[in-house]
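The following blocks contain the structures, represented as structure tokens.
Below are two complexes that have subunit A in common, paired first with subunit B and then with subunit C.
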Partner chain A sequence: MSKFQGLDAYIRRDGYELLPFKFDRLEGDDYVITNMTGEHLVVPMEELRALLSKDLAAEHPLYASLRAKHFIRYADEQAPLDLLALKLRTRLSRLAGLTSLHIFVVTLRCDHSCPYCQVSRQMDGEAFDMTPEMADKALDFVFRSPNPAIKIEFQGGEPLLNFEMVRYVVEAAKRRNLVEKRDLEFVIATTLSLLTDEVLTFCHEHDIILSTSLDGPADLHNANRPRVGRDSFERFEDGLAKARNVLGVDRVSALMTTTDKSLPRVREIIDEYVRLGFNGIFLRALSPYGFAIKTRKFMTYNTERWLEFYKEGLAYILELNKAGIPFVEHYASLILKKMLTSNDPGYVDLMNPAGAGIAAIVFNYDGSVYASDESRMLAEMGDQSFRLGNILTDSYEDIILSDVLLDALEQSFTLSAPMCSDCAFEPYCGAEPVFHHAIFKDVLGRKSESSFCKRNMTIFKHLIRLMQSDASTRRLFMQWANAC
Partner chain B sequence: MVLRTTRAFLVSSQELPEGYQHYLIPEPLEWRVRELEGKSSFTLLPNDYNYLGHNDIIRLDGQAIRVLFRANSGHNSLLVTEQCNHYCLMCSQPPKNIDDSWILDELEALIPLIPRETPEVGFSGGEPTLAGRRFINLIRMMKSYLPRTVVHVLSNGRTFADEHFARQYAEIAHPDIMIGIPLYSDDPDLHDYIVQAPGAFQETVQGILNLKRLGQKVEIRIVLHKQSISRLPQLCEYIARNLLFVDHVTLMGLEMIGFTRANLDALWVDPADYRDVLSEAVGILAAYRMNVSVYNHQLCLVNDDVLPYYRKSISDWKNEYVPECDGCARKSQCGGFFSSGVRNGYSRAITPFLV
Partner chain C sequence: MAGLAELTFDSQLYGVDAIQKAAYRSMHAFTLNLKVEGGNMLCKLIGNITTEQDAFERAVEEFRKDVLDYQLRAQLHAETAPIRNLIMGLAFSNARLN
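Here is the complex of A and B:
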């Protein structure tokens, strides 16, 4: 007789127990099951039934994967619990750092007059500029954050119209950081239309990243972004080349805004990004804030139409990759990080508890402090619900422990929110109290009517189906998941 | 002169210096016995030992000569015990359940003699950690006597599931030590079958977690054969998802020695038939930015996407090539075969690269 025992001798048959997981129909008879650490598996209905009634045979091909992904275990096994705990801690580890992104709205003045823009003003004078006193107070606040990594992002309006304030904040922050020794990063959100050599020299000297806007081909970009001279795109392209030249090709990123004019043109938009040498695009939906609602721009297309646009764009991007052009869709890559890794990308819209205030915070030109960029846009529309205080008069504690913030975080918490708490896609989603307040006037909203919910659920399912149906897409998605 | 009383002298055709504790006379120089007879102790070295050189360490036990350490080899591996709590299907060093603590006595005597400039020393078994406190002591001695020597330990990791043991190990604070731990499947039952030990998977995973929690370096070692290949991509995803923090993952070809020959039907799969699975596995680990190496493979049996991770791992004195390799233009970049195993069979797909 052999000294070795066969596989059979090692297969346990003493009955498994279920670890916590949730499920939802993917399509047809296929269900997706997920656990709190974001592990997922697609399981046909019949197997799901057997799994739940603890009748699934140990020989079933899914069985080993269910164990490895920690959906089931044997009662005496400790490693699955240790690993689940470890992965959950890792996913939530950002929370302990508290606020990292600090947005300084240095001015509301802008040289563009985009119809969908929430906040900008076409005027001269200093009524819409941040003052040095506010900036000093805001920096006091920034360095009260316990986060070892601090990002300061300048927004507007067009921040370059108040470049003196950008310079002031950067220099003051760096002086303080000699003692604080944080990992300090600066970003300017700019259209590049007013970029000068002086600005670029300063950005180079202080290692500042430029985050800019590109909506697609010249005619679309210029139609979306009117400016005196109708030369927004030309100025962008010119500024992009100059900025890359001085700062480095990876120090300039671009974001796009989807308008009704963009919807039939997703391939052209992506082609424009490829032509200009970007290695990815963020296909964003138009947000329901500010002038977008006022001018009814938001109402001109619905979520279904946007999802079509998104899926068409993603399919085209997958084609490009198969043709040997590496190109990423950034929204997918943020979600894929939640699906395929044990890390969280820290993307404010898809965080739970919500990212408002505790992942990002906004210091407005007038001294108001807001829980998020969307919150100040809402405020420009007259809704002050997420105004946390005033930087000149309120303390750090007043602001970060304000009822406005804590109530919003607590009430929108997805693990207790109706319909979220038992949603299989909850591990990939976020609380988003500001969006739901803007639409429903309460931070929870009605999920069955929520376009946020519909948009994200559809994308989650779409990404899982794509991975399920094509191994090479799954491999590509693994790379995306680890690239952000 | 004072050092001479602690050392043996390897006799050459040169003049014989006086005062050494012992003299080793290679067989071809047997005639020099006359010069030492009656004056000093000496041993005749048979021709098999003609590779011995300066700073090598040997043990003389009656007529028996055992080489413990070779100073000019970069691959000194010290066997700690032949006992093991695994009985792996493909074990290259079949375990013995006997009291071999004499080996530990010998290692404790050996470590202080190893030259201080030695770049690397390995510990293997059996399962070295079964020596318990004496294993901990060996590692402490390595740090004390050879602080600049890199240490690599082959262990199944299970002993480190005991937090107290893991802590004792970590508290040595060796400056450069790595534990290489095998993990053969994400399916606990399959892993336990491959190592022929129920419950092994759970303990190994907890051992890895304990070591990493204590900031220790860990390498995961995966030997590729029919059993481990069956879920290799799933195993790599499991590692990326659960053990992303390990320092190195190695994917190793099967050596045709030891138990492998007895279990050939259960183990053998031609590397030519799993080359795409290997590419997928490497692709997964690399996508997650893990440090990955492919060992013990022949260049003509791996896809091009594996090349950045391909290591010519078989040391020069252990490797050889087969007749099919004649005329291959890339022999110098290829690890070739283990000379100990190749006679027992190899891939049918070995093909020379022609210029």
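Here is the complex of A and C:
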């Protein structure tokens, strides 16, 4: 006779209690349910109804998963509440650090004239360059941030056209950091077209990362990125080889922008990234700012067409991985980190409260301070709605506590926004006040008509469907989510 | 011509919030005229000028499902609100947010 009771003796019969969660329909009769920290399960409609009416039996195959992911608990259990609270704190822990990314627009001058470019491209004179006085004041601001990790990113125009200012800021920041002792990182966003040995030596000496742009094969890249000589791609490829040789392969990353010319060529674009030795690609849609609006490039394709492009690209990337070529789609990877871990990747577009100002901030060449890169792009089109102040005349407190910033953050907060507050995908999504202001002239926007909402909802559902339909894809996505 | 549909919901089974939230979600396809008569809520759904008939009919079908979903969400939300507040309290009580 056994000394132990059978398993039946340990099954509780006192019924379960519901914990907070949200649900949304997927395809057919399936629903996705998400808890406060973004953990999710896919549940058929009948089971969801049974769950809500407390009729789901303890023997049901879903029961253990629902308890493990904190959708239900027994009334006397405290651990699920403590764990949910801990995960929630972890997920939101970035907020306490405040601003990490500080963007210095050292010049608006550029040697390219891309039709979708989001800012101006004046070539002559120094009227479009940041001055040392502005840079000093901006650095005062940077080191007021309580964040232990500070990233300074140089943007333009083409920042290498004002390389002396890049040098000035890096050296001054490092001097200050002898006392501050922050985790200080520098990035230059450059097309690589003006890369010189002098620049590379400086980048190597100061451990600077280069973030560059690659739109696909040579003909597509050159068509998207016109410059005198029509040699943007050739300069890029030459610069990439030199930069990797001096700085290391992992110190150069690339971003692409999708134009109407890119749409039928997603496989070729990805192949070009693979050929050039990149380990991933960020498939991005055009933003409704700056020259993309003025030249009507933003209107040349709709969200549905971009989503087709995205899905085709993601399917091809999965094929490559299954064929033994490790390659990541970075946007999916950011979302999967939110779906499958308790960490938030800190991607500004997918943050709530919005990342504007409190995750990233921009010091423009003219001393203006903007809530985000997109905010200064709007400003170049004459819309100063997200100008937080001037670095020469306003204090840190004036800027970071300005009504412009706080109102935008509060009014766009998704947990109190119509539609968003009930949405099961809210833990994965972002507030994006600047995008919605650009489209609706309202930081909240009408989400049922928002292409941001449509694009992200479709991608969230698509990623869940892919994980549901194929165990190997789920394993691969787990790797993407947990990659550093 | 814009699509038109009329639906009736029993006020004892559905809250007005559920209908309004479902209508907000469908705003890209139609707008709602809502009237309460006796124990019923009468919904007149008027297709947007830009909504084709097929798309309007699909949107009406989605609306019916959404009304039920929002009604269930309201019940779930009411039932779990005290626990949600408790979890928020546990998460942030020592956060020194002031």
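What we mean here is this: the second predicted complex is superposed on the first by the 480 of 484 C-alpha atoms of A that agree within 3 Å, B and C clash if a C-alpha of one lies under 4 Å from a C-alpha of the other, contacts with A are read in each partner's own complex, and residues count from 1 in each chain.
The rule is short, and it goes like this: a residue touches a chain if its C-beta (ideal position, glycine included) is under 8 Å from a C-beta of that chain, and two chains touch if they have at least 3 such contacts.
Please read all numbers here as calculations on a predicted model, not as lab measurements.
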| item | value |
| --- | --- |
| Touched partner set for A:81, first subunit B, second subunit C, both or neither | second |
| Touched partner set for A:4, first subunit B, second subunit C, both or neither | first |
| Which of subunit B and subunit C A:473 touches, first, second, both or neither | neither |
| Subunit B versus subunit C as contact partner of A:12, first or second or both or neither | first |
| Subunit B versus subunit C as contact partner of A:418, first or second or both or neither | second |
| First (subunit B), second (subunit C), both or neither touched by A:448 | second |
| Touched partner set for A:64, first subunit B, second subunit C, both or neither | first |
| First (subunit B), second (subunit C), both or neither touched by A:21 | second |
| Common ground on subunit A, meaning residues reached by subunit C in one complex and by subunit B in the other | 82, 86 |
| Residues on subunit C engaged by subunit A in the complex (per definition of touch) | 21, 24-28, 65, 69-70, 72-73, 75-77, 79-81, 83-84, 86-88, 90-92, 95 |
| Contacting residues of subunit A [partner subunit C, same complex] | 17-25, 36, 49, 52, 81-82, 84-86, 88-89, 92, 96, 418-419, 422, 446, 448-449 |
| Partner subunit B, residues of subunit A touching it in the complex | 2-7, 9-12, 39, 58, 64-65, 67-68, 77-79, 82-83, 86-87, 340-342, 471, 475, 478-479, 481-482 |
| Subunit B residues touching subunit A - in the complex, by the definition given at the top | 87, 89, 185-190, 192-193, 196, 198, 201-202, 205-206, 209, 231, 234, 238, 240-242, 244, 259, 262-263, 280, 283-284, 287-289 |
